[in-house]
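Two complexes are shown next, each including chain A; its partner changes from chain B in the first to chain C in the second.
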Partner chain A sequence: MRVVVDLNRCQGYAQCAFLAPDVFAMHGEEALLYDGEPDGTRRLDVLRAEAACPVKAITVEGAGAAWTAAGAGVSNGP
Partner chain B sequence: MTSVALLGQILDYANRADPYPLYAELRRTPVVRDESGPYLVSTYWEIHSLLHDPRVSSDIRNLAPEAKTAPRTEDPDLPPSFIRLDPPDHDRLRRLIMRTYGPPHAPRRVYGLRGEISGIVSGLIDRFQGRDRIDLVDDFSYPFPVTVICRLLGVPQEDEQRFHGWADTVATAIEPAVGTPEEQQAHWQAIREAHHQLAEYLSGLIAQRRRAPREDMISALATDRGADESPMSLPEMLSNLTLLLIAGHETTVNLITNGMLTLLRHPDTLKQLRADPDLVIPLVEELLRFEPPVQLLPERTTLDDIEIAGTTIPQGASLWLVPASGNRDPRRFPEPDRFLPDRPDNQHFGFGSGIHNCIGSPLARLEAQAALAELVRRLDNPRLVEDPPPYRHNAVLRGPRHLPIAFDGLSR
Partner chain C sequence: MALDGSLERLRREGRIVVVGASLAGLRAAETLREEGFTGTLTMIGDEPYEPYDRPPLSKQVLLGRVPADHTALPRRRAIEAQWRLGAAATGLDLSAKRVALADGTSVEYDRLLIATGVRSRPWPNELEAGLDGVFVLRTRDDATRLRHRLKAGPSRVLVIGAGFTGSEIASVCRERDLPVTVAERGPTPLSGALGSVIGDVAAQLHHQHGVDLRCGVMVTGLEGDGVGRLRRAHFSDGGTVDAEVAVVALGATRNTEWLAGSGLAAGPRGIACDAGCRAFDVRGIVADDVFVAGDVARSPHPLFGYRFLSLEHWGNAVAQAEVAAHNMICRGEERRPHLWTPYFWSAQFGVNIKSVGVPNMADQIIVSQGSLGEHRFTAAYGYQGRVIAAVTFDQAKWLEFYQRQIEQAAPFPPPFATVDRRTEGMRPVPAGFPDPSVPTHGPQVTVSGYSPTDQRVTFTPAGHGHHA
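Entry: the complex of A and B
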């Protein structure tokens, strides 16, 4: 499983760190650290984090979930 | 200047089961003054911009007294909680709560509740055994979130029943008082009494945990020294703990109830979810867009003139944002009136946006995901008994009062 966070989009909302604390961690109030290749036991946590990210900054590959392939944050504004 | 007469209709109980056509009408003018006074904002990008605008205040002390019409749920004898404060007071209190509740200081507080959440869900569903009909609200959705909040805070299990009683009474404040003036008086008196008992109970628990801290959130709050800022006073703790209880109660009830209602109205999606339980993860996001428990964000105030969508909202105006309408804005969401459980790029307003975005969202997501996946797995051939179901009065926190469901049996 591969996880990529678009750190330009990321707003430090920490939703990911709440739902997958073994994969995402907040460093201080804003900066995000994460494991780009978590093992399979974290699959559901990672899928929850991806869905919960308010700005859709997280992309997950190889988690066997059809819906994750279709476009993280494609809309930036009006 | 144009104005509309839509707020009265939105608040009218006759439109509770399906307010969405009214929102579509509202979106024809993204920012518009309602005859009754407030400015209504109904389109996605305009709502987004105002939720991120420091000139928009959540502090109702900035609002003219005659503009205050939304029901009050807070204890009038405590200081305002941070949902009704602006920076810097909001930020200080929110940070202090976060230190005991979420990353980076308490990264496993919510995550650690997953086991308890699934235990509570199973326990509630086990009680359906031997029946062929339930009221999802009374038998499941209503008791569930309060139990979870008790475990989060660290309310001992033997006190949970009393806690449920206060929570239920306090929550009735969001409904209009009915009956004779004496009955209404008694209604408000009962709410005030429940607030006092809750505050007294929490004070006792805080004192106890200060002496003998445990692993729970109340202990963390009671012993936190606040790093660089002044720690919370006791009245601040009481006010903001009560906020967690109130903000996380009816909202979560409605998300779960709306969820089952929507699934039973979309049998193909229900079947799909049975076959692939992980689908519940994006499905809950779509629910938060399609049937959001918080439909309106009433009574914000403009601290300055604000130019938006060709309109100038004057300083001191009362602003009602309509996130449930923004969630159906066709300029943001393709086919907005379709329920698509795996909708891509679903940046809905279900939990608000900006500085007041919901702090309970990770917990609410785990609760709703666990509840819906397990209800769908265990109920054999579930069916709606009536559609639409009877709704609660409240237009802001909108959801069914009852949701009778018939079924043929219960899986293990």
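Entry: the complex of A and C
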């Protein structure tokens, strides 16, 4: 799966680093480092991170089709 | 009516060619499909890879946290394009509406988008540039090679140039616990982009993290050993440093050579276009069917005195591509201007640096929130009494407010009270940008003597002797 973060928008709220810590990590107080092609098994956590981002900075390929708000409550993925 | 008919035909079955298969090219292609273009779409790229993201290369990729091939850009939608990857465009025939490719083939278009971007400026001495251990960093392959070499633990890395990329590379080296020397011809790191007031803070970050930072010097030569490996660098102040790796981070040069002789106004500074992304030809007349977007474009911005801005910014590539794509397939009166306010970020030495606006137009700066000494602050830049830009160090949340100030041409210095205003932020000071009349991008060469036998050429390296 493919992910990109618009780091112009990102303000370092770190919600993504909390929800998918092996994909998104804070580097210092505010800078974000992330894996642009995390393993497919991380999909649900990444989609949660995308949904939780307060500034909507995260784009996940195909997220529109695969993701619904209700899905956020589903427990860990496959 | 006839025109409307031909536009409908273009949208339905026209041929659009995008030269440049990176961020701008991809986002333009998505926008074309999103807005209903159903004709043939051809994507031409000189690299063999599908569009990937470059900012991670000098950060998480070089750090070794993420492989270089984990940077492919997500698609916002299917674009159903014909991909011509690994085949650089080599020529443009405007009258025949045809792009020539390096593999000898050509592609015809009804509308063309040029998004060929920039490449790293190479080390000027070709023999020295060819030494084993001398690198640039722009592409995925560059990042893979450099990362491999850093992992091997070189005795010392020399970074030539302390702009954003050079500073990020130095930061990665220190995080990898590699000894690193940074050579910068300006008075501080980042002085060209942010001025020397902020550059002094950047210099503190370098020192605090153990970088051997040398400002006001140029690298005058790279020396190899008997088998062609880099061993030493020579500086304009007479000093030397032994290093096994040198990364040349002297900025970028526009990929416009393939347009030489095409009749477009394309050169080393990019391709000039109007605010609607239509390319100018050499007569200064806009072409109706050739558009430009991304790092290679120079377009006038109403907010900044209609100055032609050349922005190597991620956000600019996205925004300009969207405007260009829209304008390529709509009626004249529906065209939009590219009015994006420049936005930029860099992560180095654990600090998130962001800017908005055009800092290097400024004459003054004021620290409006926080403190330079704490490396956490917001500073506003002023130009002729209005706010023209702002920069934050670990205070990104304030930047959007300053963006509005810039867009509203708010007065400078800001008359309002701000959160966390310190005494150092009570009065504006000169921002400390290099004098544009003094050449900093090359040596000063003077000729003296009258008769041919007396004439002497004096070579003064740029930056040398100008700075304290």
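Convention: the second predicted complex is superposed on the first by the 61 of 78 C-alpha atoms of A that agree within 3 Å, B and C clash if a C-alpha of one lies under 4 Å from a C-alpha of the other, contacts with A are read in each partner's own complex, and residues count from 1 in each chain.
Going forward, contacts are C-beta pairs under 8 Å (C-beta built on N, C-alpha and C of every residue); 3 or more make two chains touch, one makes a residue touch a chain.
Predicted, not measured: the structure shown is a model, and the values here were computed from it.
When the two complexes are overlaid on their common chain A, residue A:Val3 makes contact with chain C while staying clear of chain B. Look at A:Lys56: by the touch rule set out above, it reaches chain B but stays clear of chain C. Between chain B and chain C, it is B that contacts the larger number of residues in chain A.
Touch criterion met: A:Asp35 reaches chain C, while chain B stays clear of it. In the overlay built on the shared chain, the residue A:Leu44 is in contact with chain B alone; chain C does not reach it.
By the document's definition of touching, both partners, chain B and chain C, reach A:His27. In the superposition on chain A, A:Leu19 makes contact with chain B only, while chain C stays out of contact range. Shared interface residues of chain A, touching chain B in one complex and chain C in the other, are 25, 27-29. Against chain A, the residues of chain B that register as touching in their complex are 45, 102-104, 107-108, 110-111, 278-279, 281-282, 284-285, 331-332, 342, 344-347, 351, 353, 357, 361-362, 365-366, 369. Taken together, the chain A residues at the contact with chain B in this complex read 13-15, 17-21, 25-29, 44-45, 47-48, 51-52, 54-56, 65-67, 70-75, 77-78. Of all the residues in chain C, the ones that touch chain A in their complex are 53, 55-56, 59-60, 63, 65-66, 69-76, 314-315, 318, 343-345, 347, 349-352, 354, 376, 394-397.
Of all residues in chain A, those touching chain C in their complex are 2-4, 6-8, 10-12, 25, 27-37, 59-62.
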